[in-house]
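Before anything else, here is the set of structures, which you'll find just below.
First subunit A sits with subunit B, and in the next complex the same chain sits with subunit C.
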Partner chain A sequence: MARARRLLPIYGLLLPGMVLYGLWAAYPLISSFILSFSEWNLTKPTVFIGLDNYTRALSDPLFWRSLSSTLGYTIVSVAGQLVLGLGAALLLNQRIPGRSLLRLVYYLPVITSWVIVSLVFLFIYNGQAGALNWLLKDVLHLISKNIAWLAEPSTALWAIAILGIWKGIGWTMVVFLAGLQSVPRELYEAAAMDGAGAWARFRYVTIPFLRATSTFLIVVLTIGGFNAFISIFVMSSSATGTIGGPLNSTDVALTYMWKQAFTQIDLGYGAALSFLLAAAIVVVSVVELRLARRQETA
Partner chain B sequence: MRWVAFGIAVTLAILMFAPFALMVSTALKPHAYVLEIPPKLIPDPLTLDNFVEAWTSNNFGRYFLNSMIVTIASTIISVTLSAMLGFVFARYEFPGRRVLFGALLFTLMVPGLVLLIPQFVLARNLGLLNSLWGLVIVYAVLNLGLNTFLLRGFFAAMPSEIFDAASVDGAGPWRIFRSVAIPLAGPGIATVTIFSFLAAWDEFTWAIVTISDKDLYTLPVAIRLFQRANGTEWGLVFAASLIAMVPVLILFVTLQRYIVSGTFQGAMKG
Partner chain C sequence: MQQPSFRRLLAALVPIPLVVSACLGTPATTPAPTASSGAPSAAASSGGESVAPSADVTGTVTFWNGYAADGEEITTFTDVVLPAFKKLYPNVTVNHQEIPYDDLRQKLVTGLAGGTLPDVLRADIIWVPEFADMDALLPLDTEMSDFATISGQVFPGPLSTNKWKDHYYGLPLDTNTRILFYNTKVFQDAGITAAPKTIDEFETAMAQVKTKLGAGHYGYAEGGTGAWSILPWIWSFGGGITNAELTTATGTLNGPATVAAVTKLKDWLDKGYISPSILGGGVATSEQFGKDESATILEGPWMPGIFKNQFPTLGFEYATVPAGPGGSYSVVGGEDIVVFKQTQNKEAALAFTRFMLSEEAQLAMGKVGQMPVLSSLAGNADLPDYYPTFQEQLKTANARTPVPAWPKIDEAISNGVLKALRGDASVQAALDEAATTIDGLLKGS
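Entry: the complex of A and B
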């Protein structure tokens, strides 16, 4: 009785949040998992078809192609964000003037919505009079004629990855800055007294201290890369008229899933694709954490 | 050495800011000058017509209001409920604690689009398609897991003595939550408020799937569909985009000092 009286207000505090979570997150997740084993399209009655959606996905060349594009996009965008984010953090970790203004400028893309930044880059990449073509052709003379960056199968995905890097540098920098602040000043001073140059101090003092931060960032940024959607959705459909265009070259896992679910209204297949993607994310995260741990012990 | 670093930092800042500069300058140009070569950074002639037109004749005032209602309502719900959850998970032992917390965290790993299909069906069955309420509920859930995780870290890091003292005085969990925990959690609340506001203000996918009534558009949907329909009116598109950025900028500049210290204090000590 006393125990019930003690527990009642505790569950009372949990109740509203857990009910909301249960109805709008847990229940949809479970029902979606069950329906991924069904033919499900809202018009005909739902039929259980076992593993058919999953076997279909594994032999669907366009799904594999979308996965490999996802991987390419992720590798490029994660590497770019890590290198430039670390660079920005190292710069702002020095005593230079205007640090808080610089930090705000680097962070601005992070707080701007995906739709807006996608439209801005659509404008910059414009095939005729875009700012990028003007810069590369008329100012730097690096190209001889205008390039339709988003309508060219060989450039479209990478042009969108550059947007991803630009948008993520600020966030990566903030996390690196928090990591850099954990490095004790005395260590740098001791290393300097032992005659270590700037590079040696960076290599043997800073890098080891940033290991946990880097692992965290690699895992989180990789998940972000696998979830790339709005930029590709907006830019490919505006530049080429089809989501994932030109010629499926920008089709990533989520745009492909979107088209199956909401254009083809093949919801069961779309659900199966989404769970395959979730599984891929878990596998990649575990591999990354394993590799990071091996690095640490080596 | 210091000045080399400064030079590189400024160069990087110019590159990072260039797309925004282009956006502002395009929004201040009359339509005929938008795609001129070479592009002029300082518009000549300069005009505010795009801002006036975006706000008055393209219903963007209405969309701004929709975004405000949805964002504020969902932020209040999400922050309140996740503060209650985070407090209980941090300070009390009870049966089911690990399972419930694990279930909340599990959603952090699932891609948002996984939930999109079944949430769509659920909203349809509950009559929440084409309704701002449908947006409010889903946006409130969107951040519940992350907010709870961060706030739990804040509440766990508070010294036990103050809670013990309050318990001895006979205060129950609700009293302690309201009059002890919340007043001490300022930076944590500020951090999750920014995250929730940003996520709801910028949300696009759920809104474009569930809202088809033109009067219920939120800003991201309206801006996107406006650009689709009037492909070359870039000045107007960017004027509307800049208007949409104002609330986020104000909130961010006011609360930004909490972000770095706040977030990582919460996450690392959790």
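Entry: the complex of A and C
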């Protein structure tokens, strides 16, 4: 009884959070899952259609295309964030004047609003009057004709991925900085005394200690990449008037799901697509973790 | 034992939210429509709907519209139209919300799901078949006792955009079309003396702009390859999208006349006569026009008011779309006024709808670029002096295919023409592909 009296206030304090979670996370999740087995267009009654939505998705070429675009976007943005984030962390781990200010500056993009930043980059990427074209054509003379970065199917998705990289470097840098603090100073000194150069020190001292951090970052950044939506939604619909960009080249899984659910008003299909995406994210994350674990024991 | 009972307690608590959500159930039912649906057999609307303005009609009417915030449309609506309505119906309050076009459609979808729709909507004409098919609108021909009178007073073309499967689900509110706006300064600098009347004259004029004014100057700018943008050219060449019965696109969209139209556009793009903004991702056409970068654009009757604010010193004139082998054709645009089935204030909503079609309201909005649909106002002296060219063009303006699948059809056309213009496929192949896609979409509806 004494234990119950001790535990009751604890669970009492936890209860409001659980209720909120139930209302805003669990309930929508479950009803969405049930919806994925039905057909619903907002005004007509919901019709149960079993696995039809899922079989339709698996044979829908546009869905597979959106998945491959998602994969491409994720690979590019994750790689970019990791490499540049690690670089920034290594540089800003040195004792240099203005280090705190620089770390702040690098982190600022992380806290900006996705929508605002997407709109700003829309101007930068504009095919006729954009800053990037001005820089490359009129200042550096690297290209001879303006490129419509967001309207060209071959460049649109990568242009948006660059925005994703720029926005995420600061966060990756901060996590790497934390990881770098766990590297014992004496190891660097010992390695230097043994004649190891900067690259060797990095390879044999720093990297092993960053393994856990890197695994964490890869998994989290991949999940983020698969969930990319706002920048692609804002930039492709503003640049070309269609969500999905020029010739559907920037359609990622979430924008395709959005179109099916809210533009074509086929909500059951949209729900099924979202769960297929969730399954894909789980599979990719598990694979990444397994690979990381195998590397560790190797 | 410490651990087992802790675990038991936790296990007991965790399923609570899941059980609660399962009990709350799934969205298996639609938001129940509260207003009675007008059965086709009902002659007059139920409840003795009062036609004459009176203080008996009460309620609040929520009215969503897309009137431009940077024009005189909204100020005229709030300062002229609403007070006049208030005089006739003192006990009706009108809550109006101005929502930009793209957001408006999204808000309607959200409203349909959540049951938070307005009572009355100023809807784009292309939305009406879709919403009517979803059974979201009141069939006004059975709900309004004086529908026959009112529909007899409006232009038949705009009225037809409200028809879906034997019923009329709205009334036309304003109509518009796109005509050629030409920049007088650029014309002068390029040595063009008169507005081009035919496509050949238009091509010559564009060539002159290129030779005399050089890079960065174009004869014509378009913002994309959607139906709204390119149908005037396709129709003026004698082409089209579907056959007359609206059953198939093959033979029309990929027929020789349409192919000729798109080939000509590609030719102009390659020669540098038209701005690359047609491929997307460029500067807005109104900006290019206002900054003297484009000699001509196709625009609607709302633009002169906007140009007055944005580019006060800009000099421009109007002409009908250059005529091709098929004639001079343009797209019919405009808005219809519709009432949602879910409305709780049917009488007030119908009274407001009726008032928006009165001569007083139509004339007031007509003065600020919302072309009236009442035939009695054609040629009215109080309307802006630039209306005659628009009204001339409206005589040969076509409506876009009135089927619920129109947005997907539009996307197929847009992608097909874009592929052709970019050179990713030959014009014929790109249009063949689009026609096949549209055949499938038409079969579905």
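Methods note: the second predicted complex is superposed on the first by the 291 of 298 C-alpha atoms of A that agree within 3 Å, B and C clash if a C-alpha of one lies under 4 Å from a C-alpha of the other, contacts with A are read in each partner's own complex, and residues count from 1 in each chain.
As a working rule, a residue touches a chain if its C-beta (ideal position, glycine included) is under 8 Å from a C-beta of that chain, and two chains touch if they have at least 3 such contacts.
Nothing here was measured: the structure is a model prediction, and the numbers come from that model.
Applying the stated contact rule after C-alpha superposition, one finds that A:45 touches subunit C and leaves subunit B untouched. By the touch criterion defined above, A:27 lies against subunit B and subunit C together after alignment on the C-alpha atoms of chain A. Applying the stated contact rule after C-alpha superposition, one finds that A:83 touches neither subunit B nor subunit C.
Within the superposed three-chain model, A:11 lies in touch with subunit B and with subunit C [touch as defined at top]. When the shared chain is aligned, subunit B comes close enough to touch A:121, but subunit C does not.
By the document's definition of touching, both partners, subunit B and subunit C, reach A:129. In the superposed model, A:92 makes contact with subunit B only, not with subunit C. Within the superposed three-chain arrangement, the count of touched residues of subunit A is higher for B, of the candidates subunit B and subunit C. Looking at the shared chain after the overlay, A:226 reaches subunit B, while subunit C stays out of its contact range.
On subunit A, the patch touched by subunit B and the patch touched by subunit C overlap at residues 7, 11, 14, 18, 21, 23, 26-27, 31, 35, 42, 126, 128-129, 262, 267.
Within the complex formed with subunit A, the subunit C residues making contact are 5-6, 9, 13, 16-18, 20-22, 24-30, 102, 106, 109, 112-113, 134-136, 223-224, 226, 275-277, 279-283, 288, 407-408, 411, 414-415, 418-419, 424. Taken in their complex, subunit A has these residues touching subunit C: 3, 7, 11, 14-15, 18-19, 21-23, 26-27, 30-31, 34-35, 38, 40-46, 125-129, 146, 148-152, 237, 239-242, 246-248, 262-265, 267.
The touching residues of subunit A, when paired with subunit B in their complex, are 7, 9-14, 16-18, 20-21, 23-29, 31-32, 35, 42, 84, 87-88, 91-92, 94-97, 102, 104-109, 111-117, 119-121, 123-124, 126, 128-129, 131, 134, 138, 166, 169-170, 174-175, 177-178, 198, 223, 226-227, 229-230, 234, 238, 254, 257-258, 261-262, 267, 270-271, 274-275, 277-278, 281-282, 285. Subunit B makes touch with subunit A in their complex at residues 1-2, 5-6, 8-10, 12-13, 16-20, 22-23, 26, 35-39, 77, 81-82, 84-85, 87-88, 92, 94-95, 100, 103-104, 107, 109-119, 121-122, 137-138, 140-141, 144-145, 148, 172-174, 177, 198, 201-202, 204-205, 209, 220, 223-224, 227-228, 231, 234, 237-238, 241, 244-245, 248-249, 252-253, 256, 259-260, 263-264.
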